[in-house]
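Here subunit A shows up in two complexes: once beside subunit B, once beside subunit C.
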Partner chain A sequence: MQELLRRYGVGLTAAFIGLTAFWLLILVILPNVTLFESSFRPYLPVVDVGGPLDTYSLNNYMKVFGVPVDVSVLWMTFQVPVHIKIFFGTIYYSTLVTVITFLLAYPLAYYLAKVVSPKSLPTLFLLLFVPLWVSEILRSFAWFIILAFKGPLNALLLNIGLIDAPVRWISGYNSVIVGLVYTYVLFMVFPLYNAIQSLDTNQIEAAEDLGAPWWRIHQRVILPHAKPGIASGSVMVFMLCAGSLLVPTLLGSTSAQWFTQTIQQWMLEALDWNTGAAYAFMLLILCTVFVSVVMRIFRVKLSDIAK
Partner chain B sequence: MHKNRNLAFHLYMALFLAYLLIPLIIMGGAAFNDSKLPTVYPWKGYTDQWFIDLWNDNRIWIAFRNTILVAVAVAAISVPIGTAAAILINSLGGRIRSALYGIMVAPILAPGAVIGISTLLFWNKFSVPAGLHLSVLGQVSYIAAFVMLLVLARLQSFDHSLEEAALDLGATHSQVMRRIMLPHLYPAIGAGAAIAFFQSIENFNITLFTRGNADTLTVYVFSKVRSGITPTINALALLLILFTLGLAVWYELNRRRKARIEAAREAEGRRAEEAALL
Partner chain C sequence: MSAGIELENVVCDFGNFRAVDNVNVNIQPGEFFSFLGPSGCGKTTILRMISGFNEPTKGVIRIGGKDMRGQRPNQRPTALIFQNLALFPLMPIWENISFGLEVRGVDKATRRKRAEELLALVDLPDAADKMVSQLSGGQKQRVAIARALAVEPAVMLLDEPLSALDLKLRQHMRAELRAIQKRTGVTFIYITHDQGEALAMSDRVGVMSQGRLQQVANPRDIYNNPVNGFVASFVGENNILTGSVQNAADGMASFATPIGTFRARLVDGANGKPVKLYIRPEHVTLSEIPGKENSVPVTISDVAFEGNFIAVQAQTENGTTLVAELRNDGAATVPATGSKLHMTFDAQRSALLPDAVGGRG
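Here is the complex of A and B:
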């Protein structure tokens, strides 16, 4: 701080601090405090705000326990409140998408980092970047067309005789998973590539010379080295999935709700901003817990993830 | 054995690229299909109807203008904030630094819906109505973090003794900033502005909750897709993809030209060296 004053003087230092404070206080911290505070207040008509009815309670949070529905896991059937079901469904399917993107991205990242000749790398990266620059909504819209009941995928599969009757792809969470994997797989490729690329190729060759089979090299040498990349890729993909609103709305069937859609219904359809705030806060807690767990498992710091 | 393995890898790469690109081609192709629903199958013949419809769609032009305005505003606000935050955090150490860093990068990981709703509720307390101005503020809250990370990385290669020298030679504080620090940071600031602009165009979640009644392109396309789609959206998508592709090709050609010049210079240097040795 002393340094800053000596180099740039009082005026500029004050400007740096002022701008940073505006960002962190006005744009980040205070809005979140407001979110937290309003989530405990009831949704009231304007005249009653601040009146005797305006008291703090957990009522907004209790709304997740309303409306039970049947859920069957394996052969057992439970009665579970619908919002709880959606909440855990979102966690489950986001995790599933994260695992699928890892399985798809790992060979590709390894290929880009260690197999392909460095000369063709920039061109390959460019080809990978083009779909990333096309907006998320258009990418999910593309799958909306492909997966349609009378769409090109069914036509193709019927023509080559793989299926006898058209398949209803947009049912349950299937199409949401397809869309999320397609939209976010590149967010797994690049962190993995960065991590594997920093591994000294001599280490792989040494393992080969010592007679290790290829899977053991991956297990003992490459995967441990790629840990920070796996962590940051997983965090990115999971967060984007759990927070996605576009893909589930576009590709989800009516039976496949995403937690962000529930939040959106409270906010924009029921216009109950306080319950919306409570639900948004739950989503925030979920994400915070997920990041902490990943950081603990992979023993990485926040600065390794956010790059 | 390596040869077989490499072949499998090349094949995988090709399949992956096909997986990424074919959906975009199908979507673009549907823009020319003479069918009321956006699809490529069954093919009902070529038409340019959807491009004409797109051109005549007033709402889309308004949404387009809004998107650009928001993106320019976001870039204009995020760049000074991100740069100031990077310079500030770079001069700190220890606990305060990591705590501040944590608060700064957290918005990147927070779900857009949460940022949007908290921004809406906060400004609502001061009776500021929803609208694109709130979308700008919400987007800045996480986009400024990208600028901060880029500038912070660039600051690592900055030689502070340059500033010392300037101060010793009698430069004022603002001269040190303008003539020494900022010129060093320009590449990072430029990249930050570009990222801010494109991130803002892409943004959907924050905008949806804060926009009020105004449309941006993503929100407009979203409402269209839900309320009965026509292939005008495909026409728009194709134009956007071609624009992206154009940018990518331009970037690649630029890179190759630079690499060629670099190679030519190196060759020249080698020749000069050899001549000197002779």
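Here is the complex of A and C:
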């Protein structure tokens, strides 16, 4: 603070602090506090807002426990409230997408960081970035076309004789998984690339020189070193997936509901912002808890991710 | 256990750049052999070819008589100690040391026992459960040696492992390395640009320049009988004079220089090639009266008292600077700056040497 004043004078220092405070207080904290507060209030006709009916309660949060449906896991069948089912589906498929992106991104990141010659690296990075120049909506829609029942993918597979009849790709969560993996795989590639790239190549060579086969080198030297990168990539991909609205809306089949879609239905279709806000906070808090638990299990510290 | 290494007409090209040019050398089992040369001379490339990280473009490398072509580093009986040691920072010391055994499927108890034995061998008994970051430079050095020894290699390859240490520790580790080599009997191939290190530790030294092996000999011969100007000036100091050879006979010749004509040894194979006169500063004497031969009048221009020796700079009449190193035996007289003396050197110990063997191409 003293340093800032001495360097830039009173005017500029006030401007810096003012702008940061505006961003933080008005654009981040205030909307969240407003939403949080309204999530405890009932959805009322305008005339009743602020009246005797407008009291704080957990009723909005309790709505997730309504409307039970049948859920079969293996050979057992449960009665589970529909919104809870959607919530766990969202968590489950987000985790699945995170694992798939890791399996795709790790070999790619290793290749970019340690195998490819530095001369061709910029070209490869450019090729990775090119899809990002197209908006997310268009990319998801492109997958909708590719995966369509009479779309190019089925045509191609039929032509080369890999399948006999067209496959309905857009069913269940399949197409959502494809779309989410495609949209967020780079968020896994870059943290992994950074982590692997910072590993001293001599360590890989030392392991090989000591007689380790390639998979041992990955298991004992490269993966442990890349752990913070894996953690930050996974957290990013998981949170983005769980919070994604576009991809599930465009690519979801009739049987695939994403929790964000439920929030959107409360907010925009039921016009019940209060319940929508409650659902949004539930998603935020439970995802945070889930991520913290997973980080605890894999012994990753928050400070590792910040690196 | 230990194996010999043969390099036969070994060439290594990187694109258009010839890093190693036709190297032939035969390293005996159990020998401590050093490759000595300036950075970029190709010595590290040789090491990487022996360990299997690079393949020679041409030529054959044999370890224990077996052709190593196509063998990956994890299939060769070599262990490489990297310049930066490349210890695994996320494993405790004992896992570092037993990593080579772990990948060979040795059980945990045996590995732990072996790691502790090796730690005792390198004189670091209580470090098994420490992490790499808790050790000092010299201790890390020992761990790297123990890790390499754990796989019981036939050949140890060391890539300037002492260069990161401070002077005192470096000198201590020299003796240590030498002792470990004697104790284990493993063939050591040592890469260095430090001539003192190479001379003090090795059975034989190979001096390299521009991808070529210039001379292979024991340390005494490298220093006393260098075969060319590169070896002479890379290993030790010299007064170098240019001139022309006159009436060479019986390995001796007269050499006419701008500051006089001197007699000196003409090495074999230097006949007909352009040569220069190399005189070691410590082979020079300064006196009031001129010597019988090879004497030149000089004016002392600078004197530096270094402790164990006195470095004297002197100028001849035409302004050429010559250097003398006088041993300080406790009673040596330090010549005064500006005094006029005669500098004399022995014909047998002065050599007429050609330049280095072949450049790159």
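Some points to look at:
Here, the second predicted complex is superposed on the first by the 288 of 307 C-alpha atoms of A that agree within 3 Å, B and C clash if a C-alpha of one lies under 4 Å from a C-alpha of the other, contacts with A are read in each partner's own complex, and residues count from 1 in each chain.
Assume a residue touches a chain if its C-beta (ideal position, glycine included) is under 8 Å from a C-beta of that chain, and two chains touch if they have at least 3 such contacts.
Computed from a predicted model, the values in this text were never measured in an experiment.
On the shared subunit subunit A, the superposed partners subunit B and subunit C are arranged side by side without overlap.
Once the two complexes are overlaid on the shared chain, A:Met62 sits clear of subunit B and of subunit C alike.
In the superposition on chain A, A:Leu44 contacts neither subunit B nor subunit C. Once chain A of one complex is fitted onto chain A of the other, the partner contacts of A:Ala280 are limited to subunit B, with no touch recorded for subunit C.
Contacts of A:Ile29 after superposition: subunit B is touched, whereas subunit C is not reached. When the shared chain is aligned, subunit B comes close enough to touch A:Tyr111, but subunit C does not.
Once chain A of one complex is fitted onto chain A of the other, the partner contacts of A:Phe144 are limited to subunit B, with no touch recorded for subunit C.
Once the two structures are overlaid, the count of subunit A residues touched is higher for B than for its counterpart among subunit B and subunit C.
Contacts of A:Ser135 after superposition on the shared chain: subunit B is touched, whereas subunit C is not.
Looking at the shared chain after the overlay, A:Leu53 reaches neither subunit B nor subunit C.
Shared-chain residue A:Leu12: touches subunit B; no touch with subunit C.
Aligning both complexes on chain A leaves subunit B and subunit C separated at their closest CA atoms by 7 Å.
Of all residues in subunit A, only 200, 202-203, 205-213, 216, 220-221, 224-225 touch subunit C in the complex they form. Only residues 1, 3-4, 6-9, 11-12, 15-20, 22-24, 27-32, 34-35, 38, 104, 107-108, 111, 115-116, 122-124, 126-131, 133-139, 141-146, 148, 150-152, 155, 182, 186, 214, 235, 239, 242-243, 245-246, 249-250, 260, 263-264, 267-268, 273, 276-277, 280-281, 283-284, 287, 291, 302-303, 305-307 of subunit A touch subunit B when the two sit together in their complex.
Within the complex formed with subunit A, the subunit B residues making contact are 5-6, 9, 12-13, 16-17, 19-21, 23-24, 26-27, 30, 38-42, 80-81, 84-85, 87-88, 91-92, 98, 100-115, 117-122, 124-125, 137-138, 140-141, 144-145, 149, 160, 163, 167, 172-174, 176-177, 198, 201-202, 204-205, 208-209, 217-218, 221-222, 225-226, 233, 237, 240-241, 244-245, 247-248, 251-252, 255. Every residue of subunit C that touches subunit A in the complex is listed here, in rising order: 51-53, 72-74, 78-80, 82-84, 86-88, 90-91, 99-100, 102-104, 147-148, 150-151.
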